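Two complexes are shown next, each including chain A; its partner changes from chain B in the first to chain C in the second.
Right after this comes the complex of A and B.
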């Protein structure tokens, strides 16, 4: 077989394997989503408190509560409520919020896009920052600079999100410097891209939290890779040190990092709740917190499912990137 | 990971000088940091403030609405509709009632028919004259049996079918039963007047501000209504922003993003008072935080047990700790003030642990072990339960504070044997809601024939002096044998920037409900 042919075959095989992998992952994601939907539904049913009572408040009469309960279909058996809900979901109908009477989709849409912007921007800062810091501290492992950066990294990581958020507010907004607005009061009707300074602090908080964890991971894998035989070999072969570092070491250190980045990305969507709250940012997290407080079940269900969906999608994407970085049969060395 | 195992090798690697130079990496970081700073610097003028725009922050949610009658009564809602709409009357800062859209109220002999004259020359935001027909429309809307409104129970004595406009400026109300404090009731914020054909989407009213935009859960904007009949507002524009968290509100105020914040944590009050850039608005509000005991089930159906708990409660300590001193000690009677009536002449109840132990022994409840239900509905609700639980130890009984989230608390509202609530209104409406059988907040399930009789008389008479005497009697009964420990009244704390002027403190209501008087220096 000619080399050209062999390469072609290998290519198509690899493409086939990738497709099969994606199909398998999609199938398992659908299954997991079904299980998630049951869990989410069960969890919202288990929330203490009565929705109708909560919507109507303290001054309502039992008759009003009963009337609302039947209007909201709350007196139907639980399994039927579930089937109706899933049926509507499959038709793309998220329902109407019990509390605000707005379509859940409308609430979700703006809130989700706001949160996506914050998470993406934080990623644009934290990923390059982590790579630079990770590589630098790995190369200088155990020197003073490494120790200092490590100290701050661990300190940041150990801090609860809201403490870091409030510290940044004190430092950059209300006490020491007055650089950024302390609260993300986005004007509705104006694109979030036109109001970027208002979200600077939430983005910075999230980016610092991500970087403080992510850079340590890059550092640890870099230290492993730098100690490996092939790096040693490349070095002994007389390859320029810059090439050894950036062409041999870094790409191999990236594989576990991509997986971790995926997880951090997905966790940021759920974990941004507290940060959003501190900054009164109109995102997915504050909407979820409001909805749980008001027992706005439809909104709670829609948001939790959305977050689950983001998790699954991120997992598939990181797997694909990992595959691209370590082609099978090439031992992970480029 | 295995940092330590590799330490030697890495060190060697670095020392051998194969890594990038420190200078280059530092340079990279520096470039990145400068880039970030530059990016931020370019977009700085984010919170420049306009002297003609008043920005206020308060808590609301996505269930925000513009309908003054059908509302979940979130603060943002109330701020919006009190500035968009007027009532026939309103509360002055000292809780006395003043006329707004009404010019005069005249009862017939037995207070079953009231004739109300409307101020002339009032126009709506749409430019239409506001007339008696609009009042009739509003009252019928409030009392619509198919679509209940928040204020309906306050005016249930009105026969909705027989409210009639005699001419453009005269309305006659025919009542189902005599009602004496008819004028006072119209100061209630849930009884605002709307023009005929009212649409909550456009929210056309007669108030000092007119709506320009509204995004539930986020922000609403208003422009000054130049033809407002009591004189135009001092600022041209009003913006109400939703901020759920009190700390975030304060940060927005400190950073100059808003001018006034409704939500102030009691714990921050002293700090605000000490800050020259801010001012604390310390409203001597009518908010009471009663600890209620169900009078119809054990153990509190025994008056001795109720009295024992009342003697355990150290009210001064509760006000000092639960309200950080921003409040007034209560004496187991509703109504922080019953102006224009004078004080009720009963001695201040103080702790008497020996007597409490005796009473508990007499009732056979020396080992009492009960749970007190509470939630953080307002500052002090959780703290007072925890303090009572501490104080109860001295008497050898066990009171366990069960702190719940609001939904769990509301789910069993009215059925808790022992719990904490909050109520804010003038005396008779509070009595109707919380001390009369069938009242929506009668958590004590109190049913006292003498009290009921006095209440009926007090609401029937239109003679103010007589009503005062009756109210004094009612309060005396509350003090002697009621089911509540009314340990204190909480001040309502707001904050503004020092540049904000024209803010008055209110006993009933809030300066946020009178924003036409506020200006910026």
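Right after this comes the complex of A and C.
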């Protein structure tokens, strides 16, 4: 095993460099995650004020407060509280929600999978849409169509999530057209895949926001690629325009797009918080928004850390894909 | 140096996108600040039945409690505009300080600062803000600070990139070699040469601040009732979208115009700088 590893490291410089790079990224991500957990802990549990009292409200009896205090280990020194908390997290024990009395882990499970479905579906729309728009506007750069699309892109990109969501509700659900339902309340016990029309608007909102960012990137890279030497050469060689575009230019323009896809995926988990709330969709975002209102600290801690984890995981995956796509020495267009 | 900086400003001022963006910002700010002075009713006066359709007395109808939507819209923007502006300034100041220091001092200062930036960038701002609101409760001051701080890392990253070029310039090297204090070099030699990218960042950070603050308000964790606020109004009235859409439409259109204005401004400035070959 270690021999293999050593051979791999010695065998080729490139593989070694890549492995070292991955190890470094992993190490720094784990470190950042640790710091993040300290921050989340500090922001929720270690702040001054009696959390037990705050959670239970003014009508609580002293016994109730005492019981909660000991359940939360609030009487232990702060560093011990933190270690107990992290220890439990690592064993998959996220604690029990103060509000619903359910294990946080159970709440999280369905909520997270619902949110992931919405984010993935929005990707299925936004990526092809962005590629088509990006290539089209790059080929027609500075023409009227390009400018019109650009303006819509800038406008969509600027709008807060709930503004776009509600504009879509007004347009497609309640005022102008009546195509999609304006709320995405899922029936419990039925698979989300059986209720897809209900989540059409949240998915569309997220997809448009992603596309407004993504298509500009494709467009910018495409413009660079179209002006590059090898595209010029392919053209001079007499290759048909269409072939130059789809065989030479587009594949090369994809590299930065893939890199950005990771970032957009991660950003979507922030944007989806408000979007879910607009549509009352039972996902991670509504769970977070509700938990903040109810000061359901265990749920807030669990969700914030989950989102952080998704971010770091996405970063690493994106790095790996980027490395695979850009062999050293060939370095994509940037 | 001074002359070319002046040149950028002319370029920016004559860019159509920047002009339109700036005009939109001014338009919304004017409604937000002049509105309260000229509104037909106060923000909490009851003028009709709940969710009333537009009439002569209430041109945009009434809201969920029967208050005049037009008057509430006119009262509901000042906090958002103020807080977004202050948060942006805070984010720019913090981020610029971090970015310039990182580029100037290099070494462990740079490593530590950029790790902090990475940490924050790895986290959605809205979640970051909600984390603080959970414990400290919603408050205008707290929200402004949290939103401002959450903007700083992106600014820091951009400004570090800009400053790395500036720091290499001869006049900066000269200033350091004659023994000028580090903070003086940063303030007098480096900072003045980063103004154009800073202007782009101003537009972008305004846009994000508006988005965050309005979003928090919409979630119910911003301005608290019975005050009038655009984000809050949307939350209060969204259940009757099919009956009385104006109570939601008016505030969201204004929020949208405001943030689109900021984005257009940033876009215009970027192009103006690009054309004259400015820093970045």
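By our rule, the second predicted complex is superposed on the first by the 280 of 334 C-alpha atoms of A that agree within 3 Å, B and C clash if a C-alpha of one lies under 4 Å from a C-alpha of the other, contacts with A are read in each partner's own complex, and residues count from 1 in each chain.
The rule we apply is simple: a contact is a pair of C-beta atoms (placed from the backbone, for glycine too) under 8 Å apart; a residue touches a chain by one contact, two chains touch by 3 or more.
Predicted model, so just to flag it, every value in this text is computed and none were measured.
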item	value
Simultaneous placement of chain C and chain B on chain A, clash or fit	clash
Chain B versus chain C as contact partner of A:154, first or second or both or neither	second
Touched partner set for A:277, first chain B, second chain C, both or neither	both
Touched partner set for A:288, first chain B, second chain C, both or neither	second
Touched partner set for A:174, first chain B, second chain C, both or neither	both
First (chain B), second (chain C), both or neither touched by A:60	first
First, second, both or neither for A:261, with chain B first and chain C second	neither
First (chain B), second (chain C), both or neither touched by A:182	both
Residue contacts with chain A in the superposition, chain B compared against chain C	B
Contacts of A:166 with chain B and chain C, given as first, second, both or neither	both
Which superposed partner A:197 touches (first chain B, second chain C, both, neither)	first
Contact residues of chain A, present in both the chain B and the chain C interface	47, 49, 166, 169, 174, 182, 277-278, 289, 291, 293, 295
Chain A-facing residues of chain C, complex	115, 118-119, 122-127, 130-136, 207, 210-212, 214-215, 218-221, 231, 234, 238, 241-242, 245, 248-249, 252, 255-256, 259-260, 262-264, 267
Of chain A, residues touching chain B in the complex	47-50, 53-55, 57-61, 64, 97, 99-102, 107, 125, 128-129, 132-133, 135-136, 138-143, 145, 166, 169, 173-174, 178-183, 185-189, 195-198, 200, 220-221, 223-224, 226-227, 231, 235, 241-242, 244-245, 277-280, 282, 286-287, 289-291, 293-296, 299
Chain A residues touching chain C - in the complex, by the definition given at the top	28, 32, 35-36, 40, 43-44, 47, 49, 154-155, 157-163, 166-167, 169-170, 174-175, 182, 266-267, 269-271, 273-274, 277-278, 288-289, 291-293, 295, 297, 300, 303-304, 307-308, 311-312, 315
Touching residues on chain B, where the partner in the complex is chain A	1-3, 6-7, 9-11, 13-14, 16-20, 22, 25-26, 28-29, 32, 36, 40, 43-44, 46-47, 57, 61-64, 72-73, 148, 150, 153, 213, 215-219, 241-245, 247-249, 251-252, 254-255, 257-258, 404-411, 413, 433, 440-441
